[in-house]
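Two complexes are shown next, each including chain A; its partner changes from chain B in the first to chain C in the second.
For the complex of A and B:
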């Protein structure tokens, strides 16, 4: 970890409004976060805590109500920031009529890669994901695990410096989950900065170097996983205990 | 843009849209001629064939493209695929343009297929056995624009002290609109023994005369009470002449007698008509009289007509994409079809109320809205390439180029820029 902030969030708030601009729900209520280069940063929280909204604000898919988001020191919608970004959505929302190869090539095309680089990267990533044999099959017929691997390949095709993973192990069987975790570890070892959200706390404890816990639109806890484990009486369930304490405390405060 | 183009093309091919379009075009070509019936004449059979076969293909293509375009962005947004594309460095305009180009490619393929079938299996009863009728340029008298004449009429009315106060107080625009309509329907009255002349500007007339090309006058004489009356007279256009011996109230094509030797017309060319009959006849110079000169082949006209349909498809595809970016798929399709219906109905609504002074307030509001719609959408409702082709009227190159510029370049660029703007601004996430 070099300490340089790849993602910098300051006092970020997002309130969804209805057609008449009346407040509908306050998804985020002024959060501060910083993801340093080389981090595997876990954004954790219960349902409705604001994780996906935070991710969408970081990706520039939503506009903040107040506060700022900076990617590599740039606004998220800046093309120079998007060139350095990879994104794996919660659902592997791929075009079912495209083959695995065409899918990866499509996203390479959207990332502005030239034809030769696209061809080489596609073959390389499909081989890395173990999908070379299925490269010419339509992804509509793939299992969830295989589709997730194709989506991973699409997210990685442009050599991103920051990879944003929204629930990467959601709906996967244990073997596929293990493959995904292994891949995250390998990417982190290669120096990629990874921002990941998940409900799977065991998985997060395995792969994350730092975490932040969101609850009701606020950051209610966080730190390095090593510190959390070191302070825990039950290292196997350290993150789960820490999460429960942080989120539980917020719920009690609210009550 | 290329990635988006290829994606959409694959979606259209693998989603069987292309196969269905080509299949439907083929079925229309082979089945429709046996379904429709003409008036029994060769010209009628040809016209019915063109209106029913290329006309049905064009209608089917335009409606299909519009509805497909309405789903392209909306569906991707609903399936969250659009978010995945928009986080990439590609511009939203490029993504929209890629989709639009794919729709244009499909439109081009369908029209090419239809054109090949039309030429390979031509109408079974062409006017000249074995040959498809060549198309002809249509020239109306070279008169000042009706609105200019209307403005001159208004000025003279306002100078006239006998003009009623109500006319002076009325809105200038409303009076001008009324006078323009009146000018379009103004009759020239030609009494027995009288001669009337109309100026014509026919660009290639000198060349036509030099090679003694066959010219035709299309005219419809009328009488004051629209009674069927014999009409007789002599027509002259430069070195060409023709004798009229027919009845009023019918559109008649009068072939000019080709000049015996090449002549050079004296500018400006005038068409003169000497009424040698015993009845007073009338005609509307802006509606009832045209000089028809030879243009080129049916195949060339078919190509130009299909280019015009393709340009219309380009505009509708861009409009569908724009709606798709702003609305959900069913709402976008509904809005598109309602808009299309309103655009097609607007000219009829205007024609129903030529005299708005006698219309109710509600009708006047409707009329104003219809005029606004007609003005804004003239590039959609104005051209009638299939109708032109069916009547062997040449689809003129200059208006065609103007249509292509508007419908394929300017308006789609504006609509695609709006599409890109909306797709970036519209939230791509619901409440967390």
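For the complex of A and C:
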């Protein structure tokens, strides 16, 4: 970790409104976060805590109600910032009629890669994901695990500096989950900054260097995983215990 | 440019892969090729039924395709999250909208070009049949080559797509649409070759195609306006609302103040000027094309503003 902030969030709030601009739900209520270069940063929280909203604000897909988001020191909708990131959505959003190879090439095209680089990166990533034999099959017929691998390859095709993973292990079987964790570790070892959201606390403890815990739109805890494990009486369940304590405390406060 | 091409190519492939597109292509070409067989109803001019049948196919099927493809390529893309996955990268929203609609327009132009060839063949066959009937009392021999080439190659295109699907794993609908479109100019050439000894010369097919092109260009631009109109609305509205809006536009464009901005398909229907030996030249069509391009630019700008202001939760 070099300490340079790749993502910087200050006092970020987001309230969804209806057609008449009446508030529907306050998804975020003023959060501060900082993801440093080289971090594997876990954004954890129960359902409806604001994880996906935070990710979409970072990606510029939503506009904040108040507060600021900076991506590589730039506004999230700035093209110079977005050209440096890769994104894996929560659901593998793929065009079902495209083959695995066409899908990766499509995202390479969106990232502006030239034809030769596109071909090389596509072949390399499909091989890395173990999809070479299925490269010419339409992804509409793939299992969830295979579709996730194709989406991973698409997110990595442009060598992003920041990889944003929204629930990367959601719905995967244990073997596929293990593969994803192994991949995240390898990417982190290569120096990629990774921002990941998940419910799977065991998995996050294995791969993350730092975490922040969101509950009801607020950051209710966080720190380095090493510190959390060091302070725990049960290192195997350290993150789970820490998460339960942080989220439970918020729920009790609300009650 | 690479981003534009990637988006446009995917949108074109997507529109070609839709079963509805294959159905529209197949039924459109089949109806056009079979029109000369109804030679007892010519509306006072030999070949008029066949000619106007081809234009009507482009009008009706083009509007159905325009609405459906625009909804799928923009609205469904936003709903499914594939738009968010693309827009999270360095893809400006205006570029996204323009490129996706360009892909749909490419498919529309392919359909229009193929229908123009099929119409030229049907029109030529119909004129030839009328001539043969007046000379020999029978028309079957005269419209035979045109019908055989048109229907035969259309069926051959379907079989080719089925074989490609069976043996090469190619997507059936996509291959069928491309093969059906390619079959139409081939049918025109084949009919001209087979019927070169028939009076009047089948070379007239190509002259017929050339005379029909300005009217086809105008109608294609009219359908293109509807692609962009429906696409612009699909950035914010659901499928049923867009369909209703397109239907409303078709009807309400008759109302004078609304004609300025709503796509009025009547502006682009210049086929009547070809009736009774009329000629429609490019100079007459150019103002219509220019008006169509202005409307396309206007609705593209509206769509870009709507999409840029939209949040993608």
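As a convention for this text, the second predicted complex is superposed on the first by the 255 of 255 C-alpha atoms of A that agree within 3 Å, B and C clash if a C-alpha of one lies under 4 Å from a C-alpha of the other, contacts with A are read in each partner's own complex, and residues count from 1 in each chain.
Assume a residue touches a chain if its C-beta (ideal position, glycine included) is under 8 Å from a C-beta of that chain, and two chains touch if they have at least 3 such contacts.
Note that the structure is predicted; figures quoted are calculated from it, not measured.
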| item | value |
| --- | --- |
| When chain B and chain C are modelled together on chain A, clash or fit | clash |
| Partner chain in contact with A:24 - chain B first, chain C second, else both or neither | first |
| Contacts of A:134 with chain B and chain C, given as first, second, both or neither | neither |
| Which superposed partner A:215 touches (first chain B, second chain C, both, neither) | neither |
| First (chain B), second (chain C), both or neither touched by A:114 | second |
| Partner chain(s) touched by A:61 [first = chain B, second = chain C, both, neither] | both |
| Chain B versus chain C as contact partner of A:97, first or second or both or neither | both |
| Which superposed partner A:48 touches (first chain B, second chain C, both, neither) | first |
| Chain A positions touched by chain B in one structure and by chain C in the second | 16, 53, 56, 59-62, 79, 82-83, 85, 87, 89, 91, 93-95, 97-98, 102, 105-112, 154, 158 |
| Residues on chain C engaged by chain A in the complex (per definition of touch) | 2-3, 5-7, 9-10, 13-14, 17, 80-82, 84-92, 169, 171, 174, 311-313 |
| In the complex, chain A residues that touch chain B | 16, 24-25, 27, 48-53, 56, 59-62, 77, 79, 82-83, 85, 87, 89, 91, 93-95, 97-98, 102, 105-112, 154, 158 |
| Interfacial residue positions of chain B with respect to chain A in the complex | 2-4, 6-7, 10-11, 14-15, 79-81, 83-91, 95, 424, 427-432 |
| Chain A - residues contacting chain C, complex | 16, 53, 56, 59-63, 79, 82-83, 85-87, 89, 91, 93-95, 97-98, 102, 105-114, 136-138, 154, 158, 164 |
